[in-house]
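Once you scroll down, you'll see the structures, which are given as structure tokens.
There are two complexes below, and they share chain A, which is joined by chain B in the first and by chain C in the second.
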Partner chain A sequence: MEIKVQRHTDLDSLLKAAASIEGRIFYLAGGTDLMVQAHAGVLPPATWLEISDVPQLHGISVEGSELRIGAGVTHHEIMRSQLVQTWAPALAQASANVGGPQIRSRGTIGGNLANASPVADTVPALYSLGAQLHLISQRGERTVAVEEFALAPRRNVLEPGEIIYSINFPCRPGIKGVWNSMAQRESLAISKVNIGVSYVLDPELEEGVGFNYLQVAFGAVGPTVLRARQVEEYLRAEPLSAQRLERACQLAQSEVSPISDVRSQADYRRAMAGVLLYDALSPLL
Partner chain B sequence: MQSYYVLGSSQFAMIENPISPLPETVCETECACPPLEVVGHGLYRPDAPEKLTGQAKYIADLQIPNILQAYVLRSPHASARIEKISTAKAQAMPGVAAIMTAEDLPAANYVPLVRNDLPLLAASEVKFIGQPVALVAAESYEEARAAAEAIEVQYEVLKPSLTIEEGIAKDWILWHYQQFTGDAESVFNNPEPGMHIYEATYTTSHQEHAYLETNGCIVTPEDRGGFKVLGSMQCPFYVQKAVATALGVDYQKVRVVQTVTGGGFGGKEDAPSTPASLAAVLCWRTRRPVRLIYGREEDMISMTKRHPSKTVFKSAVDKDGYIKAVDIHYYVDGGAYITLSSIVLWRGLLHASGPYRIPNVRTLADAVGSNTAPNGAFRGFGQPQVAFAADAHWDHVAQQMGIDPLEFRRKNMLKVGDKTSSGQLLAESVGFEEVVAKVKAEIDYDRLLTLPRTPGRFRRGVGLSVSHYGVGLGANGGPHNFAAANVVVAVDGSVSVAVGTAEIGQGMTTVMLQIAAETLQCPFERLYLADTDTSQVPDSGPTVASRTTLASGNAVRDACQIIRQRMDNYLKERKDLPWREAVSACHVGGVQMAAQGYYRPGYKLDFDDQTGHGATYEIYTWCANAADVTVDTWTGKVKINKFVSGQDIGRAINPALVEGQIQGGALQGIGYALMEEYILKEGRILNDSLSTYIIPTSMDVPEIVPVIVEHNYSWGPYGAKGFGETPLVPAAPAIINAIANATGLRLKHLPATPERVWAAWQQEHSQDSGV
Partner chain C sequence: MAEKNFRLQCTVNGHPIDKMVDPTARLLDTLREELHLTGCKEGCGQGECGACTIFMDGKPVDSCLVMTIQAQGHRLVTIEGMAFEGRLDTIQQMFVEEASVQCGFCIPGMVVAARALLEEKEDPTLEEVRYALGGNICRCTGYHKIFRAVLRAAKIERQLRLEGKPSQLKDLPGVHPAPSADRL
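So, the complex of A and B:
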């Protein structure tokens, strides 16, 4: 298949091109999803815009009280970033587990989001951090919560000519996090279920473990990544105990709605959602 | 006159030795061979630098001018009649040079194998998804593919038969073998007091070879109406025969050159004959070079895999723990055509009852047809499936009887002087007891077995499994049970060694050159292996059945011995001259410095179809594998803490390569045991890529400890047998038995994915799961 690719090295020219092109556009950053889909022959004819050298899409920085990650930042850069390890530990762990070294060196966080796969490894971590996505087009900028971004597998809210500009979330002092997954092998595996948990412990609590902040999300258990709100509310209500964690795991199992496919079965995925939550929080007991 | 022993049905007889004299280093039992100069050392691989630096040229790297790209139109149906094929629209597509259907073939429309039943191109019916229906050659791959997709085929879709059970119900039996020893029936009908009788059924899934390089070849027209085939393959002389058959020409008009081959594992034994023949007929039609390289997905859906299987295993063990009888029915899913299934089945039949002394055996073996791609050769060749059944079964029986599973095996294992289930007397080289003892010590069996069993989520256990492996093609080898080697010593002392077996990554090059260097007494660096090109090397039989070291190695040794003997006869007291001077003197003196060596099996082989008896293999390799595992009962994940694989291989020509083969084979067995599986729906493979068909990565490799035992084989080169397949054979049952030891779960289906282990645990312990 012959594909014509326009390469852009500046945000303005990119947005201008994106606004003027008729028909479909695919944005090529790392290519770790797009090239696979092209190989499978499932992509419609489109203009490809190569964006991996647009400087405005790069960089990890703290701006005010927010951590900003450019959409074009690779998983490798994220896992190595001190800022991410400090302010988004769940994301650092997720990025370190995407694919293998080659995929982490090419694949970007913006691409992981835009692909809108319910299995995407970094996305449950971003849900748990309450990330806001800054979207940009020639018409201007807008912000959407990460939970509002993916609509269904391979469908997102991006409008024609619009791209993800950056991923932002508040720097929460004392933030801790866990990312984990169940997969058939230790590397280069697409998850059967994955989890992102971010929390801030309540320092006022004299005995036991309580949460000032807690968000939990699961991947591969529904058409999009799923925020486990019942689990969160239950766990935030009272200090953590073995009994309450066990109950929370049961809640997680009832909150998810997985399917069976080539990677796993629905009943197994449902059960594993509980085990992943247990493994994420049981070290606090 | 040299003489050697032949195995008749039970007696030794002396016959004239057709091959080389007995090696001086032979020893009968546990070996303390004198160290040799070259053999027995872990010399480097001459092919390594080019492969490691990316300079090695695989088939897809070759640039040939004026080449056409081929694409195969494949059946989308598992079973259908072809009503009409219309190529008119496709013919008019840009870049198209030729379109061919079955009607356009120049000669035979089959791949020559056992029954010649696999067509090159489907003529009137298709029997599996992915079966070739039409061919296109065009100026570019994209044009060829576009044209293929424009070919209109009208099918009348039929209901496919997809499982072993459906095949049995329809009586679609591709092949049958049987073995009757003693009287198993009366043992089961009139059991002795205290006899333990147990029956269970075991099933296994497909396994994909997952060679790094897919099947592919290039065919070019040559002078005087000849054809040259370049490609990735294990058996260049099989390809030569297939292409000559497809074109209706003499074998010698087809020159086959094996390119650097990125893995085979059996998947490039018979399989490359298809793409080579398809490219060849397009080359014949267009008189231009044609390139046909399968994409990963089409390779996965249409090429051979390990046969899925079902084994019904019934046993009788007396009260003292001695096996008295087995009644086994072994079924393999052969796919839509016989291809090699009969031979796979034969090896399965002969190893089904395991490496045990069993007086009464009844084994029935059937290859059942199904509307899926033909299954074929894969490391272990019909043995891993039945070894899983047998050795998971014996482990369970031992546990039921309260006998230590290892002790149970010791009581029953074959020794020198015993007979196999086919009545073959084991005359020599049975290092089984030593292998088991060493593996037991290395895995720390006694300690692990007596670890306190703690309740809770993580359970640790140890498991063991044993197997034998008949080396080489055995009595079923037909015309292929030989090897030849040509050795030529040039005036400057450099040496060309030519064999017709292939380097497929297993290390044949190094092993052949080590044997040659040792025998000629010449420096290793002066030896060169000839390119595997049918116009330059003799046929040495196929590169299969763990036979290359034994077969080609013996032929090389024979040729080198002839030359060295001539040199010594001429040089007399000067025979200690440095190599270069010795060679120069011999050439000046008119000594013939080239020779052909030959190998035939060291023992006479035979097989009786009715009884399943005979001296079936010339020699056996003995293997024990052990696994130390921890099972996460909440997730069903099995972690291998340590894996030990021990082999009596006769002699390690290159111990470093042996260790590599053991580790690779064990890992492929670990994948088979725990994760590798094709998921089919109505005959369609749903996971046709390496991102969904999961094999172990380097991150999944546990500590794998190789154990080498050397009970020399009299007729092996320097005592060597073959073993490349053996480590895989009892890998899965060792792991399954360890899971049983850890959790009490007796899994009867491979692979034991986390889902299956978890489901089995849930079923047994629905009350006490942690979460």
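So, the complex of A and C:
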């Protein structure tokens, strides 16, 4: 396969090239998806723009009351970041479970998102955190909610010449989170179903456990990652009890819409969505 | 074969490299075919097996998933850079002593991944060793002797540090020009 590649080490030159190139463009970040596909010979002819050394795509920082993660930040950097562990614990856990060490050293959060894969492991965590994606092109910047980014497997809202610039979300004091998945083995396995839960407990509540903030999302159980809104509403309405958690798990099972494929059966995925929710919240009981 | 029209400048095992190469080749192929560093192996070519693991800026990466152009300006260390003047890295020495090697194909990658762990954690648990080697597949040994070698290497290096000595067996004679961390 014929590959043309350009290396960019500055955002301006990258966006300029992205705007002017005719035909298909791939942005080579960690390469952990692209290089596998190139090796398999399944990619169309394209110009590859190497972006792993563009400084503006790096860095994790708190800006005002928001956590900003550059699209080129690696899973290794995310899992090790004190800021992410504090403000986005579900995401830190998700990145720690992507691939193995070699994949985490290179693979980026931007690449994980851009694939628009329903099984991408960081995405349920980002849904649960209510992340906003900053997209940039030579025409300017815009912001889309992470939930609006993926349209279908492998299809996203990026326009020609546009890239993911950063992932931002509010720093919510007291935020806790859980990320978990079911897969064939611990390392290097694609999830059969995964979950991201982020919550802030209600400190006013004298007895029991209530939520000031709660968002739940499942991956690999629909064409895109899916927010479990019924589950959230139900759990936010009244303090948590064993009975209410069980009922929420049933709701989760009816809210997801999995298919059967090589990795798992629809019924199993549906059942496990409930189990993952139970495992995530039962420690609070 | 695509054209060797890219001037690659980086360091490999501490040596500056300045060479015309194919920028679109996999780094694995550039290391093996152009630089003749055949320690890194191709098992799967898709990031699953870790046989091609090298250090890039001190972190373990699968060289089959890195495009050569991405190495520009970066610091690479292969298994060939881990022994020092013929003296083995502590981990290599322990692989020998624990008889952790059968066919040997996976071992360069295992050693690099294990070194990455010990650079971060001097007292890893078995669980942590398993996690750190989760990106490396061995089809011969069943892993137990590999884990044992890594845990033993960690113990030896901790002991050396306690005694105020260089933390690696290979550095013991004390005539080396650079501390081990600089070579990663």
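Keep in mind that, in the parts below, the second predicted complex is superposed on the first by the 284 of 285 C-alpha atoms of A that agree within 3 Å, B and C clash if a C-alpha of one lies under 4 Å from a C-alpha of the other, contacts with A are read in each partner's own complex, and residues count from 1 in each chain.
Heads up, the rule we're going with is that contacts are C-beta pairs under 8 Å (C-beta built on N, C-alpha and C of every residue); 3 or more make two chains touch, one makes a residue touch a chain.
Because the structure is predicted, anything quoted here is derived from the model rather than measured.
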{"item": "Touched partner set for A:T32, first chain B, second chain C, both or neither", "value": "second"}
{"item": "Touching partner for A:Y268 - first (chain B), second (chain C), both, neither", "value": "first"}
{"item": "Contacts of A:L281 with chain B and chain C, given as first, second, both or neither", "value": "neither"}
{"item": "Partner chain in contact with A:Q250 - chain B first, chain C second, else both or neither", "value": "first"}
{"item": "Touching partner for A:L188 - first (chain B), second (chain C), both, neither", "value": "both"}
{"item": "Partner chain in contact with A:A220 - chain B first, chain C second, else both or neither", "value": "neither"}
{"item": "A:I3 touches, of chain B and chain C: first, second, both or neither?", "value": "second"}
{"item": "Chain B versus chain C as contact partner of A:V84, first or second or both or neither", "value": "neither"}
{"item": "Residues of chain A that lie at the interface with chain B and also at the interface with chain C", "value": "2, 36, 100, 186-188"}
{"item": "Chain A - residues contacting chain C, complex", "value": "2-3, 5, 7, 28, 30-32, 35-36, 39-40, 48, 50, 52-53, 76, 99-103, 105-106, 186-188"}
{"item": "Residues of chain B defined as touching chain A within the complex", "value": "142, 634-637, 675, 679, 686-687, 691-692, 694-700, 753-755, 758-759, 770-771"}
{"item": "Residues of chain A that touch chain B when the two form their complex", "value": "1-2, 36, 100, 182, 184-190, 246, 249-250, 253, 262-265, 268, 271-272, 274-275, 278"}
{"item": "Residue ranges of chain C touching chain A (in the complex, touch as defined)", "value": "2, 23-24, 26, 45-48, 50, 53, 56, 59-62, 64-67, 69-70, 72-73, 113, 116-117, 131-132, 134-136"}
